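In order of appearance the chains are A, B, C and D, and numbering begins at 1 in each one.
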Amino acid sequence: MTSTRVTIRAGDSSATVEWQPDPQDARTTIVQVDGEREPLRVERLQSGTYRVTQGEQSWPVYAAATRDACWIFVNGRVLTLEVSSERGHRRSSVGAHEALSAPMPATVIKILVEAGQAVKKGDTLILLEAMKMELPVRAPGDGTVAAVRCREGELVQPGTALLEFE
Amino acid sequence: MTSTRVTIRAGDSSATVEWQPDPQDARTTIVQVDGEREPLRVERLQSGTYRVTQGEQSWPVYAAATRDACWIFVNGRVLTLEVSSERGHRRSSVGAHEALSAPMPATVIKILVEAGQAVKKGDTLILLEAMKMELPVRAPGDGTVAAVRCREGELVQPGTALLEFE
Amino acid sequence: MGSITRLLIANRGEIARRIAAACRELRIESVAVYSEADVESPHRLAADRSVLIGPPPAADSYLSIGRIIDAARKSGADAIHPGYGFLSENAAFAAACEDAGLIFVGPSAPVIERMGSKIEARKLAASAGVPVVPGGTPGDQTDDGIRQEALRIGLPVLVKASAGGGGKGMRTVRTEAELAGAIPAARREALAAFGDGTLYVERLIDHPRHVEIQVFGDDRGNVVHLFERECSVQRRHQKIIEESPSPVLTPAVRDRMTAAALAASREVGYRNAGTIEFLLDGTGDDARFYFLEMNTRLQVEHPVTEAVTGVDLVRAQMAVASGHGLPWRQEQLTQRGHAIECRIYAEDPANGFLPQAGPLLLYREPVRPGVRIDAGVIEGGQVSVYYDPMLAKLIASAESRDAAIARATSALRAYAILGIRTNIPFLLHLLEHPAFRAGQVDTGFLDRGDARFDPQAQDESLPAAALAVAAALGEPSAAPRDAGARDARATTDPWELLAGWRG
Amino acid sequence: MGSITRLLIANRGEIARRIAAACRELRIESVAVYSEADVESPHRLAADRSVLIGPPPAADSYLSIGRIIDAARKSGADAIHPGYGFLSENAAFAAACEDAGLIFVGPSAPVIERMGSKIEARKLAASAGVPVVPGGTPGDQTDDGIRQEALRIGLPVLVKASAGGGGKGMRTVRTEAELAGAIPAARREALAAFGDGTLYVERLIDHPRHVEIQVFGDDRGNVVHLFERECSVQRRHQKIIEESPSPVLTPAVRDRMTAAALAASREVGYRNAGTIEFLLDGTGDDARFYFLEMNTRLQVEHPVTEAVTGVDLVRAQMAVASGHGLPWRQEQLTQRGHAIECRIYAEDPANGFLPQAGPLLLYREPVRPGVRIDAGVIEGGQVSVYYDPMLAKLIASAESRDAAIARATSALRAYAILGIRTNIPFLLHLLEHPAFRAGQVDTGFLDRGDARFDPQAQDESLPAAALAVAAALGEPSAAPRDAGARDARATTDPWELLAGWRG
């Protein structure tokens, strides 16, 4: 499981943050913020709504992204943050999430890989169908299929992990 | 512009309804309910929220679909409706919308057709990229591209028409 | 007693959220507890912290004294609010809090224990001069002894087993002639059911109404009342609609009833928020009332009192629990306007009111002046089979009863809940029922079937707007994330899983 | 006059939704009007019907008497509610309604006209015995004549052009010595600005507070007051926070002020809801007050009155407009508890309070006891540059002023609005300001910079939870539908587009 480092800026302040998907839960990201003792768990609840947990403490956080910034609401504060990856890419074009999920409600029509199989970036792993279109789910990079979490014929929802990839 | 006829059932009641996308507005569907003088315009506002307009009158309508039924809330009533197409297909597997839109926030990486061009069912019309995956937008049937509504490099949102098809 | 800095909320659902909101206003840190079934529940996020206390069954989580006290210790809480239901009327829990050095937001353990015993509570009420339903266990248990007692109490009466409950061996006697047959029959059934033929005779209250008085006491011997709530709209003893003022209480009876409630509260040395429930017999200034029981906690229906009196009962609970005196003198308290609470249950009125579980595919609350929603759920959440099926309470307040009914009706018509069935159609049916409109509902009204709800008799037409949206629902982005995850009607019967809950 | 069956709401935003909600409760059909900029606006959906009235500029839509009357005719409405702003204080509009046979929910056209003229209104107040700010245009316009008048009125005074307004040619004179220089200077400036050197002398009210009295009259000569609202928290004469009761009005001054408001209302034969605004000078029982103006309509801040009195002003407006008598006698009206309204504006407190336009990417209202939200927007909507930048009003009511402030603060902290900047950080700053807490704010407080809001001085730390979510925001399904559609800060300066609006 690899993690991604990003730099987050707001005005003159900035912070370095490292994140990785939670292998147990496709909706959850585990984030280590520089200078924090404990990592934070970010769970997506509903559109724009997140629960962030750090030990016993938790915060409801609302977020929305525009082309230029992430708008974040937490504890009565609104922040507009700019996120950039260590490699200088805009965050929005990085985002290779290791738990792959369906982008929309869709039917799994074919699973082309199995757990343990090595795949190359761009390989088609799963074929979905929705709106009469076939949607190939492709490997975000070279790696190994850790687990397949769907079966052919299943109707899947966005946000549900289809397979895990490492 | 072709329309689709469906039969809608709730308990012992049923109705026949004909619908087609509004060529002017990808978020809107024009629906003729049997026995109604005037067609109804259904505009999708937010997730699960619709505005239905018939002349001066309008209703906020909430809807959610499960595998088995559409749950609809209107005027304080909750209805669970079953929808089937005239050809006996389940509604959810028909749904070839004539205004094609992106299934998720994505970048248009290539437009492969132009207005007026004849295409065959399954032809790839547009290539999108999101989550490092390529998503082909394919023709839902044989027909003609009426208009292209996006440009290469554009970041598009779900529900925004990419092209119109007839 | 000392000031509260971090409070553990030993509850879930709407009341946990309501208490957490009060904590934020008081700048008290709040700690939620949650079972494994409530990992996703919104009450967790309403608090500053949350602690997992056990598996879904309430006995192993919300009803476990040990686990709750452990959670309080672990999170550094100095006080516990029990909400209603669960451990809120458990004297052992109140005592355990005290033993652990935690402030229990409620009355003392001995008071909870005493008022929790029906017999003790009845004795206490009687000794405070509060009317109780006339009745007793005659010393002379011969047929004639029972007969004499029945006539002394006055017909109609109930003749029932002294030993048991639940209606076994119970006979309703309306005329003297019926007594001769009823007494031996009741004795035989009592013997068969409880091995004890001793009989109890009690005045039968026909068509009683349920009217309760909110009381509040502090550590300094002050007690006030906050007027009445009428809760006669009940199904199987479950309250559905509550209101204040009562549509039938006259000022004279209100004065007598509140005085009785204060007398009983003083007699027991009551502290914090409590409710004295009465049966009201008759209308007008001659109406009689009888002590039913005392609830030694905040009630589900406390918002109607908050609406008509303008006070914040939870805030006052915290103040009194911190050792402050009552925030009000009796003469400062007023009852103004009218408030009606409707309990929104996940249950199917078209199918025997079977509790529903499943996903809240869509959940949109009405937002408008004079409407308060206390909800335990959010869109996208799951209603589990483990706990009470109450989703939310809608409280409408207005200048008059008619305006409050119109407001509640209009708001319920705009309350969109999809994915599971709710009792909203039934609530609308009740609010529009002529008997309810006229204020003529007694506690047996629903169980007698006087307001029979026939969903088939409802408007059968399919509204064109609904048909149009169903047809247009082709856009997959319209389907919520959890759509199709579960079919509410496919879940198993949850009646059995609701033990341990008191509304 | 007759009963209203279908009412056209000649407004938009939160007030249109609030009126539509009242109509539903009264079972009156409602008709919304909307401009081309408001096709998507939620006020359209709040009504039973909606009619397009014109292009975005208010002059061609919401301010067009002809288009509004046409829309009413076309939709079969029999009454019009003007809301506030737009045509609500336009006598010609009220007259046009009458000519078209439509009930105008408000006072008669002559009353609107009379109270709309500052000079006429001042005369009327004076003739009703209501104090006006002492002042006048001396017949003797020599330096000495002006000087005598200034001394007669009493220092400090304002010496200003009689012909114009807007501060041109205005001189503040605090000592007699200053008069000699100030009078010729003011005359020269008046001449230069207005071609007329006539001077007006008026008592200067230092640090006045804005306190207003809600009044209500019917067709039968009854007039009542519903106590005061204090609206001293203003920026450039725009109210930001309103409350009731005023934190400084003593019972004696309240009695005098409400009596003055009733006298003025009776003098003009006032019908329906109105507000008499006063300047309050000083505190304690000796405080003086002066008539400022009368607003012949419902106010933006009417919910604070509804909260403390428990009445529904819009419902009462409909009743009185239908020819019914007032629903209350004066002695039935009480003021209980405390309510505070915060206006949520789309404006950037960190950037000169520049109005903002753009998409509401996310919009979540706090839902909790004692908090009312009247909003004109919904998530996913657009805030356009054409109209007033007020998004919503948050009204917190509680038992005391401190509790209401705590409630408002806590609710504002939970009010999530993303996509455009709002004044919520500034509101929180004000609610926590010691001067506001102490009730020591006058109308010049904000413009003097006494509550300077320095966003840079706010907490600069980036909360870990925010950083974590920003990092995790990779899931594309997390991005709302309209994300990226517009950048709020990229829109053009909307100051110029706000003409025709009165808050």
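Rule of thumb we're sticking to: a contact is a pair of C-beta atoms (placed from the backbone, for glycine too) under 8 Å apart; a residue touches a chain by one contact, two chains touch by 3 or more.
As the structure is a prediction and not an experimental result, all values here were calculated from the model.
Annotation: A-D is the more contact-rich of the chain pairs A-D and A-C, by number of C-beta pairs in contact.
One finds 46 Å separating the Cα centroids of subunit B and subunit C.
Separating the centre of subunit A from that of subunit C, both taken as means of CA atoms, is a distance of 44 Å. The distance from the centre of subunit A to the centre of subunit B, each centre being the mean of the chain's C-alpha atoms, comes to 28 Å. In subunit A, the residues that reach two or more other chains under the touch definition are 47, 67, 95, 97, 103-104, 130-131, 155, 158-159.
Counting partners per residue, subunit D has 413, 476-477, 479, 481, 483-484 as the residues that reach two or more other chains. If each chain is drawn as a node and touching chains are joined, the picture has every node linked to every other. The part of subunit A that touches subunit D in the complex is made up of residues 6, 8, 10, 13, 15, 17-19, 29, 31, 33, 36, 40, 42, 44, 47-50, 52, 54, 59, 61-68, 70-79, 81, 83, 91, 94-95, 97, 101, 103, 158-159. Per the touch definition, subunit B reaches subunit D in the complex via residues 45-47, 51, 56-60, 104-106, 130-131, 155, 157-159.
Residue ranges of subunit C in contact with subunit B, taken from their complex: 361-362, 364, 412-419, 421-422, 424-425, 428, 459-480, 483-484, 487. The part of subunit D that touches subunit C in the complex is made up of residues 18, 21, 24-27, 303, 306, 310-312, 315, 327, 334, 336-337, 365, 367-370, 372-375, 397-399, 403, 406-407, 409-410, 413, 477, 481. Of all residues in subunit D, those touching subunit B in their complex are 31, 40, 44-45, 48-51, 75, 378-380, 476-477, 479, 481-485.
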